[in-house]
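In the two assemblies presented below, chain A is common to both, partnered first by chain B and then by chain C.
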Partner chain A sequence: MPEKKISNNETPSSEKVRVGVYTCHCGGNISHVVQCERVAKMLGKMPDVVIARTDPSFCSDSGQAVIEQDIKELGINRVVIGACAPSLHEQTFRNTVTRAGLNPYLYHHVGIREQDSWVHPNDPEGATDKAIRLMAAGLAKARLLTPLDPIRLKAEKHTLVIGGGVAGLRAALDIAHQGIRVTLVEKSPFLGGRMPQLESVFPTDEEARQLLNKLIQEVTAEESIKIITQAEVTGLSGYVGNYNISLTQHSRGVDGVTTEALMAACTQETPDEFNYNLTQRKVIYQPYPGCYPPTPAVDWEHYDGKPLQVNGKPFHLKDEPHNIELTVGAIVMATGFDPYEPRQGEYGYDQIPEVVTLPQLIRILSRIPKGEPLTWNGHAVRDLVLIHCVGSRELDGVNQPQADGQVNNYCSRVCCTASLHTAIDMRQRFPNLNIYELYQDIRTYGRGHEEIYRRAQNAMVRFVRYHGTELPEVLPAPAGDTHPVLVRVKDYLTRGKEIEMGVDMVVLAVGMMPRQIDDLVKMLKISRGTDRFLLEAHPKLRPVEMSVRGIVLAGTAQGPMNIQESLSAASAAAAKVAVLLGQGQVELPPFVARVDESKCNGTGACVEACREEGAIAMQTFKENGREIRRAVITPANCTGCGACVGACPNRAIDVQAWTLGQYEAMVDAITMEIPAILENVS
Partner chain B sequence: MSSNVTEKQPKILVLATLAGGYAGADSTGQVHSDYPANTYILPVLCPVMFPPEFFVRAFERGIDGIIIMYSGTDSPFKVEADGTAALVNSTYGLMKERNIDIRRLRLAAICTVCVKPFLKEINQMNDLLKGIGFVKSELSIRAQV
Partner chain C sequence: MENFNVDTLVIGGGIAGMQAALDLADQGFQTALVDHEPTIGGKMITLSKVFPTLDCCSCITTPKMSSVAHHPNIQLLTYCDLQSIQESDSGFRVAIVQKPRYVDAHKCTGCRKCEYECPILIPNPYDRGLGAYHAIRVPFSTAVPQTAVLDMDNCILCGKCEKVCPTQAVTFTQKPETFEVQTRTIVLASGFELTPLEAKKEYGGGLLHNVIDPLMMERFLAPTGPYGRVLRPGDGKEPTSIAYVQCAGSRDQSLGVEYCSRVCCMYAIKQAMLISGALPMAEITIYYMDIRTFGKGYEQFYQNAQAMGVEFIRGKVAAIHEDDQQNPVVKVELTEDGRVVERTHDLVVLSLGMVPSPGSAGILELPLGDDKFISVPAPNARPCHTTRPGIFVTGTAMGPMDIVDSIISASSAAAATSAYIRAHQNGQASPKPQEEAVYA
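So, the complex of A and B:
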């Protein structure tokens, strides 16, 4: 990218600085605390300010039009906007000033909502004073801004999709349809994620596996999608458009010739996670008939390493992990969720055999042939209780915290409809079964879901409403009782009446938990929300993008979603990837180091301080017959950390748009006494 | 005008990384947690860009306390974790030379959702400044000594 020479005082040219200052009311979010008119009046008196305005909402079309008009009609060449957090609308206003013909980097955004009005609601005077100083600091910086061009780099038209569940599959297919290559990496040996563990899915009652198999067939038929199972991301470097990825893939452990013999010879068993550990399976396994890939795989985590006896000879299974290197332009995070695992003793789980989770119940039901009665733990099930919100909507001080000290205070959204859907299915299959749903609130929010609630009511499913502060109790029934389990609950549909019911089975409608992907989160430098799910850049403006450019979210990695929502999110993520990589190049912000040639005398301190490979080097130039050593930046390799800035003894190097001089000017504005500011103006 | 009131408050400058402390400050705002208005948060890409002289200059201009809220080992920049720690150590040396109480500069790792740690740092610095007073008073007294 072209280097722009600047003079020592950092003003870009002889062009007179003309600043427009805009203080947003944010629909009252700011103006209910900060006196915006006073901020505008004060800023309007400061040097170089041509116009200072307020508006109910500068991010609205009409608000942006005002700024555009000022740039065009008043010759504004620097813009300062005080509004919500820069992460929300900085890009909006960069586009605004660009439309008006101004370089997008001649605009500075000051956050006076999240960091002022929202945190000082009881101190309007202090908040207003703070807004004035922060805006003055923004003005001080804006005066020193220089026009910059984004760095344009070739982007690899290749995407890595992490996760082979329904969201990852959908995203991979949609991206491939846009002419972009996809590598889909799945940690387990088989595709499909959680979906094949379900039977029929709401609201259409279609068979989950049929739907999934259709999707897998489409994905596997697509030549531009490469599927790598039993593999994990183990290394990452680079940036949007050019991420270098290292994958480690484990051996499948069986080959076509010996597969059947090996499976027959394998006697070692381990709990079957496909059936939520209700059953056992061999360590050479297929999770279910019709899975993809159809070849069985060795469960290396549980394999005891002992040789198998095949045709009377010992046969050693061997895992030989190998590395795969890729370069991709974008990454789709489709890492999915895990069902909440109740603690031992939580509602009797893992202590009373009749207590199971809803996912376990679905697996139990799948194993009962049509027409057969529901039995569990050796007895017929006549009365069954479903408890909602287990591991969801938890309250501090009521629910026991997780290992990390937090309670799951979010709603998992899917479990209400899933519970009702399963209850209807059971009432149809086992007409004599009495079902009681113990709930806090019924949240059947999707299209067709309320109908499921009504169907459950019509099917004589009975409802008991409890409060989150008074959780139901699940106890072993006293000896001689007609039922093995006793449930106590205070029912607020009958004004808090204490109910005791003997039941044969208790089902915990567990919520969704974020997956344990700490290593991946750290490697990709991505953010998680307070609920520990992956966090989008903005819930409304950038709902499937992460704050790290080129990384997008698909499905329940982001939070609880049903299958329909996961598919929508996956398609949205694919669309974002297509837009990003479709042109074959990406733009990076120009926040990279820049050397002031007039000050650099070749100490090399910057090169010593830099940790980025190939970002900065000393080069020898000939000037007026003399050899001169100077630092030279390679913008594509510079991350803009500024290690070189702090190291340079001559202040000959700066990060563009984040210069030391700008920070000094901002500090001066913050510390300047307000009356002095006004005196300076006069 | 509140300035007469607020001028009497010590000023805290927070240099907060976009990947950590600045987002943490935004999260604090999103949950509407209250803290004193004498806190001025400036976004930074990575704090290693500041030489020790920058901090001393800020104190001399009237910033009473500075908190560097960085991203620690979660930073997108390789140099941030140990580079910032080294920077703070160097700055402490310079502050001692200039007779500035080194407690006025703190380093804290703040993540994007670190609301409680963010508030704790702000409150601790405010408590400290109540005890040790304005930096300009400190500088003038020590200059006289």
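So, the complex of A and C:
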């Protein structure tokens, strides 16, 4: 049993506190509302403040230089900066004060943009008063700050990539190329995600599966990448650099007997999602020839459990899920998208057999041999309508909300070019087919995409422009009509004329929806935007990182993207992982609980309150020959949530840099009477 | 300047170049960042606020500039031109010319005393010529480095700057200096230019008093701008009716710019929103062919602008002329009802598109696409690889893109570059040169 020397670690510093207070204009974001000069003047009058300055932007190099100079020349040993939200530039200024030789945690950041000027744009007086109070509170806290060191921990040079589509594959490959081990986990039995369901891809007209297979070959050739299919993440604990992951992997189910024999013996069929349920496949299956891994797999979700008859004997297929445990330093979210599934009756979908989605059309076209005409639902297709923005750019009050009460008000960005690209292909293959594109705006924004629009126009694809507030109608044609379907639309290329078209096929250019990953989102404690896609920490400062450190984004899990954009995002994610794990260690902020052993008397209330595994425990020590129990923190496991602080009856625990004493000082400052000081100043 | 070796040379100090350099330097690679301007920051530093978050632009750009300047693994080479590039055993030998600043960069403290003494004022390119700066100056208050530069073409050699300089940094006799950088890889981030305001004769050929380009509007709206408010350059009046002409330099075969420039819809909408804040009484109209708000959060941004009362009119503007009050008169077919009308505004902003920056592509001997941007032979497999192994391209050098896409592209180029460097460090064979492919 260790001998314990109890000490009071609230050692007051003998050094005199000298505070520098900096109020940033934020390029007008703050100064257009808050009178920054007045804030500075007020704070300058307060005790311990040696200097109070303003600057158009303290985050600029010249602004940072001012702070550095003050620390060096005026002996400033506490820094308070009033600026944007700490999420933007707290780290920027920590680096600044470090460069000037000060401990980075002797600086406090006050958000007077998001919390003040942006929310009170019409009340400059009130906002200025609020800024003064917030800054004064910051000052009160800064006086009590003590130097701290970040927690440095060994980081696993190993990354988990969730999702084996094009983005996940690219991210895995690029991370492996940086000398970091990768485990790639894919829920389905096969790699490739959505990409193999495409045929030719814009703007290069390359074969999707050929491109993908090249990438898969590179990935599988890489020794440092381990691929685990038919598996899902079922458990997670830990933190950046050291995430403990549990995976559950299902059996492939075809071991023991030759695959050919099993495939031949399997008679049960189920809708083939590879062809968007247009066709049937067996429950032992390969989605397409040339898929990876090439071994067929059992579709456990649809398998009816009846034994197969192999060589005259019953053969039982059995799923024996097993767990895999691993430790990784970072996680790549490459969970991808699903095409928007129209409601029953939306533009006649799931009611009129002639109505299909664009992804379905691409599968239909792939099944028509070269030189043969386009037929659908048993008749030749002479006239075809493509409706854009189905499940995208929806408007509240116009489009019917989905189950969660929301409409998809975002643009899915790929459907315009994909529609036109498919239309050109059809006009070449079926020269007598008339194609009408019903659109709102044509968004062929990418490199080489406008050319596709032009080619579609030259190929005599016809365009009809509708308004998002006056959606086209798709109806069954009256009996005896020349066409099975009637489309009614107001065309704003011909002055809003109402037109009716008899057509043989209606194609809905559906948008993208994020995959259903609620469990993962909950487990990883990550955020989604209002569009339900995963949310980046900041669109410009940290565009592929999530706000949880060590979790990065690749591809359409983040929002609609085409293949090229998914690849770029995946590579960018790899760059971030390389920076994070390259050194083999990570730094965690020191904002963790700390026990004042002179006050702790071993009640154990903190241990009960703690929600993190292994963060706090009671240990027995010997003190002067007597056994005592004291709480001991494991900083790496502590998230600094503060639950223990509230539970302790003796005020023996504090979260470092956010102590109860500091909070009290802040509250006192925020509620102070300021008119007296104001008189002195103005 | 001594010759030196690096793992990678990044060409261009705009947002893409800075991000690529930071991502590589953060991984421990020795990085040199070269820019032909006397400061880094590129086009982005001259913007006001950026879509769709309406963050102030300096808040995003200046900390990145600062990080570049202080990074132990980044060597910053400003006011330098590329002279030649030769392949060598270990990558490329790049000859670089340090243009004379006529100021000793080691001595200059950026105190700007020279600037305050200088009697010569010339149009300030960072303000699109709307404001003026001195013949000797630090380019702008947040420039990196904070080193003065003297414009010899406009200097009258009065010697006042030399006298006032506390560190005797001004030297009128400085000469261009050539040095060599040996690098394993190159990242080209040479950026874009606007299509010229003068290009379209139908829109006044740049001669109309109150027809401006969008970067001028950025300067009107920026808190660091020359006037701190929006006004007509023709007569200084506050405009009450402002129009945006979309696709004024894009999707236009008559200009040879057939592609979409991707950013114009969003910057026009953003500026319209900012103007509504600055001039609440102003009426703002956007004439467009297609509104292309395709990015994350962009469609919502468009809907917000509509809700704020910005008028969106579908029609490609045919011509612009001026009335006797110097008001621009826009002739346009309103395609929604088929009428051809003339509408008078106080100020017209031409939503000009992006064309590639001239320069480095030629020296690097990289083939161009039909759109004159750097050719990327395999966009759906290796979106940052050029035709030359070891040379990567990022940002608007490979085609129009917005800031978000440029930053992602830059990190992606950094990943490709670092993989290449590591592969060569390990003594592995270099990847096969990519097959030459024509951009579709």
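Details
Following the convention adopted for this analysis, the second predicted complex is superposed on the first by the 626 of 682 C-alpha atoms of A that agree within 3 Å, B and C clash if a C-alpha of one lies under 4 Å from a C-alpha of the other, contacts with A are read in each partner's own complex, and residues count from 1 in each chain.
The definition used in the following text is that a residue touches a chain if its C-beta (ideal position, glycine included) is under 8 Å from a C-beta of that chain, and two chains touch if they have at least 3 such contacts.
Note that the coordinates shown come from a computational prediction; the quantities given were computed from them, not determined experimentally.
Of the two partner chains, chain B is the only one that A:129 touches; chain C does not reach it. When the two complexes are overlaid on their common chain A, residue A:671 makes contact with chain B while staying clear of chain C. Number of chain A residues touched is higher for C, counting chain B against chain C.
Residue contacts after overlaying the shared chain place A:111 against chain B, while chain C stays out of touching range.
By the document's definition of touching, of the two partners only chain C reaches A:450; chain B does not. Of the two partner chains, chain C is the only one touched by A:578; chain B is not.
Looking at the shared chain after the overlay, A:646 reaches chain B, while chain C stays out of its contact range. Of the residues of chain A, those at positions 529 touch chain B in one of the two structures and chain C in the other.
Chain B meets chain A in the complex at residues 1-3, 5-7, 9, 11, 13, 19, 23, 25-30, 32-46, 48-51, 54, 57-58, 61-63, 74-80, 83, 87, 112-113, 115.
Contacts from chain A toward chain B in the complex involve residues 85-87, 111, 113-116, 118-123, 125-130, 133-134, 137, 522, 525, 527-530, 535, 547-548, 591, 609-612, 639-643, 645-646, 655, 658, 660, 663-664, 666-668, 670-671, 673-675.
Those residues of chain A that touch chain C in the shared complex are 25-29, 31-32, 56-57, 59-65, 84, 88-89, 92, 95, 99, 174, 177-179, 201-206, 211, 214-215, 393, 395, 409-411, 413, 441-451, 454, 492-493, 495-496, 529, 531, 533, 538-541, 543-544, 558-559, 563-565, 567-576, 578-579, 582-583. Residues of chain C that touch chain A in their complex: 23, 26-28, 50, 52-53, 55-60, 62-63, 65-67, 69-70, 110, 141-144, 146, 222-224, 251, 258-260, 262, 290-300, 303, 314, 335-338, 369, 371, 373, 376, 378-384, 398-400, 403-405, 407-416, 418-419, 422-423, 437, 439-440.
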